[in-house]
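Each of the two complexes below includes subunit A, the first together with subunit B, the second together with subunit C.
Entry: the complex of A and B
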């Protein structure tokens, strides 16, 4: 699915590689308008504050509430990891695990041995086609709270289990990216490596994969953005991430006029974090685009 | 039916695998309703998101600049913020504020309605981009050739641009829609009684987390698999000789 579409008919222009990873695309030229939308929504709420304040004289201003709760939502409660920092940490860790496993799986998918190729394909399809939330539930519910290795008990905290769960769909999608990239390398590269008496392993690691890296980076970054967008799902399972803490803050304040600004404020953080990555991805994609 | 129920009764009693949905009528019906909710939620979301994508791309190509900004803001907003936060934002923030401002009692839309709307808008933003790249892939010269043959702009769109653009967009659209179906599980968060939510209710009653979790997983794999099979067949049926993937 994720190889570059190629077209025979000269009548058609090559498709712009908008969907390199096909699943979805975060990078968009028009994203600055999204930022504008969030900011103007926020500004509108702050402007409406005047009207609210007249209705309820005891009310703090919306700004004060945001300033008051922002450290909590950003850093968490101070006991262990939490808040937006946890979202980022989970995404980085899940991406690292997912990339390592996905690389193995992707290489397995193009293996000449059926015993390796078939299971790799099956695992990839299994995790690519299951919903993230179902996987999260699955691993949160079924992984133990701690494991015992040689008498030591290693605790599995909620966020770590969530990281493991989130790394699996990433793994499957990275596997597809790796497979697509390996298949997109011209056969001549394999043949010339063979004529130089390189083994298959040498060919893979020294000839093929280095050439794949360039093709894999934009979709890989794209998947990182998608992963970051999925991290709030861990709040459903009770991990103290930015989403949970925002809701806690809103519950503690119990004021209706805060609802819209607080959610917009949270969205703005995610936007501010992923938007530069998305723009960068877009730039790399157009730079690495295969010119036909 | 009785033998199936008996078998799962036996499995629960003797082996400890409690698949209550297969022998308990209440759980079974509840779970079927959950699956049914997932199916129609996904179905309407898919239709609406394609519609939003089409409208988005249509407005994006209009000559009126503010409209293009509007579409840009829509796409940027829905693509760069987490879908779960969008869902909470609309259901827990926009709905009460708007309904109190408008004086509507009991909210504007139900949780199902908001899930349908927000998820469709979310996938619609991606569809807008996918359709745009599809339309951009149709070369100008083809349209000019149609123009030279006396086609009106509407006819060009109907007979030249749309059929080609649709085929170009098809693979990307399919994976976006698969993603959408997977994302309908997020509606769990605003307690829409879809498969995952119902399963949660069942395992809270029966303490059969392990069994239900596996059943839910299989249900989603089957649903996504059926959808993918349908879309792959459709893509094959649409194939124009000499145009498409080289394989």
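Entry: the complex of A and C
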């Protein structure tokens, strides 16, 4: 049996166990999320890539390289935040800043006062229609390296500037979501609150906005997913995020055959983080759609 | 501001004009309402009756003329809107309850956050009002769980929680199923009998006849005819009134 020429191809020997173990892992993941097709496709790509290496033990060493670099790409160098964790932290922070500012802008957009309404509208339109990458570069140049407050110097690290830059397009889009939600509330709600002598601010915060939350959550989560997937952009500014560290790892290894497996691996992380949120959003959307 | 005494009309509307763009809705309307009086405004759709009633508590503004409520000039830019709206409650055709609040919270909201009254005292009063509109047991229900007639009675209780002197009813039974109309009308009748000053815009002629002290008939932005219900319904003088009553009665 071992005389058969097929079994003399060296590449076949290490591939089989690796491919199956990957497939096993993938199958467990996918049975939980119902992603069998997509993830086993990815696993197949990894396997093919390994087979394609055409060298003795090469495929096994690809898997070894992934295992070796994964902690760095996930956690960073250990000096401050870095890696995939930094991507998530940047996304959470940018979303928080963007949501707070976007809420203010959105309320400003429906203000009866022109001095509030017009600037809110202008800022919203400006940042909604700017390329994210251009914004990133712009804020990298615009913000100082540190600011001095009462004699103390507060450093502005690269990742923080990048976070501020990313929060702006989020802010603008949240602003539009808020404006749309407020306008979707029937005018009767405003009238009855007014006739009960509530002030405009009381009406907004106690009557209108609480009713908006339900309608805003699905698009808000949608924008969070988009933001998470945009965080690798900050690697262009030299921030030690997962993308930068993947590139560093690849440079250190200096092996062409690692490129595709490494980027696929990174993609998988983002997918694993974002896809459940997207699914949850869809569920909420259909739930709220029935009630409206 | 001259102070108002109960012997004068509680609401005094004189020569009010109001237009939406080039469309004249009110073309010189005048009427007086005395304290404790129940006034019904009837007329064909688009005759300006809803607009008129909404002008009384300042939800709509007017172009010219004067509306005085308890001596307060409604269209005075310096008017304390809180003082006006504390005294004038309005119930809408579409109920406009706050859907994210329970019945009890709907009723309690304005006294607590506008009048800054103590929660416990407001809650006691709110529960009594909910009982008064015959909705005991529904305190913790959300508006979406109630029928139209029940929602409208909550809306009435919500208004009453502010302890107004005047209640405005803007076609409050028009969006209701026929079988729930009567429960709302009987609630209004209770109020009228207790001496609440009420202005009703309504299409319920039988009810208007039964409960009103005075009927006003409006058409195309003017008051065509008015009088006590027995005179008005039995012996309408103007041909437009006769035509309208011929259609609806």
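Convention: the second predicted complex is superposed on the first by the 232 of 292 C-alpha atoms of A that agree within 3 Å, B and C clash if a C-alpha of one lies under 4 Å from a C-alpha of the other, contacts with A are read in each partner's own complex, and residues count from 1 in each chain.
Here is the rule we go by: a residue touches a chain if its C-beta (ideal position, glycine included) is under 8 Å from a C-beta of that chain, and two chains touch if they have at least 3 such contacts.
Here the structure is a predicted model, which means the values were calculated and not measured.
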Answer with first, second, both or neither: which of subunit B and subunit C does A:137 touch in the superposed model?
first
Residues of subunit A touched, compared between subunit B and subunit C (which is higher):
B
Of the two partner chains, subunit B (first) and subunit C (second), which one does A:97 touch, if any: first, second, both, or neither?
neither
Pick one for A:85: touches subunit B only (first), subunit C only (second), both, or neither.
neither
Under the stated touch criterion, which partner chain does A:110 make contact with: subunit B (first), subunit C (second), both, or neither?
neither
Taking the superposition on A as described, I'd like to know which of subunit B and subunit C A:183 touches: first, second, both or neither.
neither
Quick check for you: in the superposed arrangement, does A:126 touch first (subunit B), second (subunit C), both or neither?
first
Examine A:274 and indicate which partner it touches, taking first as subunit B and second as subunit C; both and neither are also allowed.
first
What part of subunit A is in contact with subunit B in the complex they form?
1, 5-9, 11-16, 18-19, 22-26, 28, 30-38, 126, 129-134, 137-138, 141-142, 225, 228-233, 235-236, 243, 247, 256-257, 259-260, 262-264, 266-267, 270-271, 274-275, 278
Contact footprint of subunit A on subunit B as seen in their complex:
69, 71-86, 88-89, 92-94, 96-97, 100, 126, 129-130, 133-134, 136-139, 141-142, 164, 168, 171-172, 175-176, 178-179, 182-186, 188-189, 196, 200, 209-210, 213, 216-217, 220-221, 224-225, 228, 242-246
In the complex, subunit A residues that touch subunit C:
186, 188-189, 191-198, 202, 206-207, 210-211
Per the contact definition, I'd like the list of subunit C residues that touch subunit A in the complex.
57, 59, 81-82, 85-86, 88-90, 92, 94, 96-100, 109-110, 113-114, 155, 158-159, 162
